[in-house]
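The same chain A turns up in both complexes below, where it pairs with chain B and then with chain C.
After this line comes the complex of A and B, so read on.
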């Protein structure tokens, strides 16, 4: 049991990170019934913008860059966490504008559109930043390792898990405890009635999309020091995100959280004890769950069943 | 009464006969002869099958820089056999399926008479299958799975990088006696990882050590925490890694951030230059390579200067082992065509098989040769570690040993490699 404990803890931390990656995807799919395949590219953009801010690689005059580079890394990192999602938000606005024609139509249109946008964004990243990898520097205070259970653990990993919890709590509060959340959920349930009540559903959808985009970018920033930054890192994000949403149940906040934790646990344990199954394990988990609950653990009837 | 088909007014017999004749025309005794281009002064066209994306995207592009430089140098001298050398490239995406499509298109549509490239052994093997079909000479510039010159060898393929067995032989013996007997393997879960780890296992056990665990790491793994926890629990004397490309970069970063390199000894079978450039702080342990731009050998400085001039926009400022292999493979192919006096593939293959290359010409410590049995270049194998006293910002390595080709030769490959006889290889001339 003592040998197993580190891997259980690791699975929880990994699961929280997976949930964070899936959160923005869940928001847009669950509340707008749009499968946003560009989620991964927005995630990658967040990481790249954070790198530009943190490593002082900004398109600014040399004096400004030098002054910013002289700022302690901790402040630059904190700024990157806040600024990167804001910088990515306009991309979400543009994407939402492009997607309007697909609302209410076959989900395939939105899927194809976002797939195309994802490819455009990835190529844009290659043009601007090239194909090489970058590492997002982490301040010493939250970097390095610490000893627990006689093993060395990554300090930042637990900071990242803590940031994931904060982000999830924020989303839960917005969706479950605000008027805005209530209107969005009502809109997802019956858009005609909501519009008849005088609520501007178009504007609501914009805000949801921007929020989902910023969450994708935030996840990109948080994950960048762990995963590294590279043009196709979005694919690394969007695949588990989609899997977690289907596993947890489309439209369910808790489904995304529990789904992420389950995937983290299964991947973490299989990597340690049956490493050849580690990548496959999450898919087997999905098959196992969907075989018994077609709508996922907490799912309702959704766009996937159209 | 004769029956005719309703569509063309032809009898069934005529259709069958015509079909047989057409089939015979394509697949009969004539299948082994193709002429890709007419006229002695037509350019010689080479397809450069280089990854531009995926796990080996950076390495693929560095490979390409070396190849282009070699071609440019030949063209500056008037080409080969008085003909200009042309090249095309396409992103093979570190993906065997894409490699197959690119190779097929290069040969059958773009008229390439030769292929060069690949870092990922799965991609290299996929390209080999296509090249085999047409008899197209394929130079595997940088993929180093032992299987490439073993069970997946081919009469038309030549392998330019050192393979996992070569590097294991160079590294393992001393490490078992000097560091410890308990080894743990971290293995990328694809052909290069498996074959390289198998080679390491053989060497470790032959030296009196034992493998306490082998953790398979799926490609594109981004989070190695589970593996690193497991490594700490197992407490091996040495961890031997066969992890490649972007995976290796992330793994190095995660090991370094935890300072785990101080807890155990780490050996990386082979370290490609593009995978370490820009992350020098994570360069720990002992690793293998085939070339380094600071080797104190004649010709190295001149080569580096030429390379820098040829690649002023390169994100990597100096040539590493990958670009070196790309250059050497391309240069030796063009030289072989010149020696053959023809682009006939059989004639060129004969020029490459067993070809000897002097140490000075290859800027290595020992003479190299192309093994006629396996088609792998047998060359000097270097072991290196991080340079604690760099002369400049590119001086990342300290070369700690160099082994003769004979000392690191992959003996098992010769047993596994069965080359086709020449009459079975389609011939062509372009």
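After this line comes the complex of A and C, so read on.
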């Protein structure tokens, strides 16, 4: 039993990261009932922008680049975490603008639209940055590793998990404890009444979308040092994200968190026995759960079932 | 199923026209600066997209993991050839059967799902099959793929035709394509097809009328998977190999794009138009710029936003506006039923 502890701990850290990746996806799906398959591409875009900021490969005059490159890596990394989501936010704005045409129609159109946008964004990344892999350098203070329970651990993974907790707490606070969150939830529940009360639902939806986009980009920055940066990282991220949401139940914040932790632990534990096949375990987990609980663990009835 | 709905002959003029156009392709394709293999690719994917449209366009079930069936067909073709019996008909049947079995497994789990949940579950299953194809290296060759798949000769009792050249393979694929079009045309215009159409329009009503909706939805998926697997088998033959790529989410998405761009939601022939448009766009746009998917993707996005009926829908709209005399009373809205 004790020898499984490191794998379990690893799984929890992994689960928190999966939940982080799924967070923005969940926000848009849960509150607007729109599947955003472009979530992964926005995630990738965040990672690429973070690389551009961190490695000082920006389209700026040479002197500015040189001055920026002289700044310590820790500061550049910290800046990237803040700046990359802001740089990606306009993409979310444009996407919301496009998606507005699909509101009220079969949710399938939103799915198809965002799939198309994901293709376009991924191809854009290929055109701009090429197909090669990049690595986001981690500052020494939070990089490296340490030894615990006879295993070598990556320090950064724990920092990333901590950042995931902070982001999740932030989203929980916004959705559950602010007026904005209350209005948004009410709007998802009954848009007509909310609009009759004089609340501008269109504006609210733009904000949710931008928030979801920035969360995607933030997750991209956090995950970049662990997963590496490459054009198809978006698909690698969006598939576990939707899987976690379906597993936890659409529209449930805690469902997404617990779904993420479950997936992480299953992947972590199965890695102890069959490391090659560990990623398969999450699909089997999903299929097993959904075969018995159609709406996932904590799911509510939603328009998506129509 | 043999009974044909009135007004829908077994073989139509459009069908013969399409076959004739395709039959003439090897005569001129090189003269316009393209190459023979492109024709083979278009026909195989047209067959695949037609099979896919049975699920998306006719039954209204958004499968996002269809690449799995295509890929399973490709692998089954290669494995049957390497390990069992290198006979074209046997290997194609094996491809179709393997994909149908995979379709059956998926159908058991998802046939009571609809809409987005159906899409998400098909993505999950698609990923499972794709993942297995990559990791089961000893069977599938992993990321390197299954190599040395031969283009087997067509044997028909006494005679046998070699398919080594792309032109010969093209005509073989055309024959299969023709058979699939006749089969699917008859199927969607049969009583079975009408029930499927009814389920697309209103599943609950169809259930209340007394149809076993679950069984119909499962049957549609299995049939579509079976035909997709056959297309996959032909693709393995065309490529002389089978790769896990075609099973990825990307490729599963490509067939959705082809079907929609062509107009599979409103037209029986939409998927064929879409497959041709997809590969022509790849080669023509790809010759001018590197990111061809960027432009094709943009076209797709614009179509989804403004004209989900696709190219066939544009054409139908044009024909209607020409046919309708000026100052005529407004026509009833076209039904979104593939015909």
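Throughout what follows, the second predicted complex is superposed on the first by the 303 of 306 C-alpha atoms of A that agree within 3 Å, B and C clash if a C-alpha of one lies under 4 Å from a C-alpha of the other, contacts with A are read in each partner's own complex, and residues count from 1 in each chain.
The definition used in the following text is that contacts are C-beta pairs under 8 Å (C-beta built on N, C-alpha and C of every residue); 3 or more make two chains touch, one makes a residue touch a chain.
Please read all numbers here as calculations on a predicted model, not as lab measurements.
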| item | value |
| --- | --- |
| Combined model on chain A where chain B meets chain C, clash or fit | clash |
| Contacts of A:226 with chain B and chain C, given as first, second, both or neither | first |
| Touched partner set for A:283, first chain B, second chain C, both or neither | second |
| First (chain B), second (chain C), both or neither touched by A:152 | first |
| First (chain B), second (chain C), both or neither touched by A:133 | first |
| Chain B versus chain C as contact partner of A:112, first or second or both or neither | second |
| Chain C collision site on chain B, chosen from 99-107, 225-233, 261-269 or 315-323, when both complexes are overlaid on chain A | 99-107 |
| Overlapping contact positions on chain A, where the chain C interface meets the chain B interface | 126, 232, 276, 279 |
| In the complex, chain A residues that touch chain C | 35, 98, 101-102, 106-109, 111-113, 115-117, 119-120, 122-124, 126-127, 232, 235, 239, 242-243, 246, 276-277, 279-280, 283-284, 286-287, 290-291, 294, 304-306 |
| Complex contacts: residues of chain C adjacent to chain A | 62, 109, 112-117, 119-121, 123-125, 127-128, 131-132, 135, 248-250, 253, 256-257, 260, 290-291, 293-294, 296-298, 300-301, 304-306, 308 |
| In the complex, chain A residues that touch chain B | 3, 6-7, 10, 13-14, 17, 126, 130-135, 138, 143-145, 151-154, 156-157, 226-228, 230-232, 236, 267-269, 271-272, 275-276, 278-279 |
| Touch list for chain B against partner chain A, complex | 52-54, 57-58, 61, 189, 215-218, 220-223, 225-227, 229-230, 232-233, 246, 249-250, 253-254, 257-260, 263, 278-279, 315 |
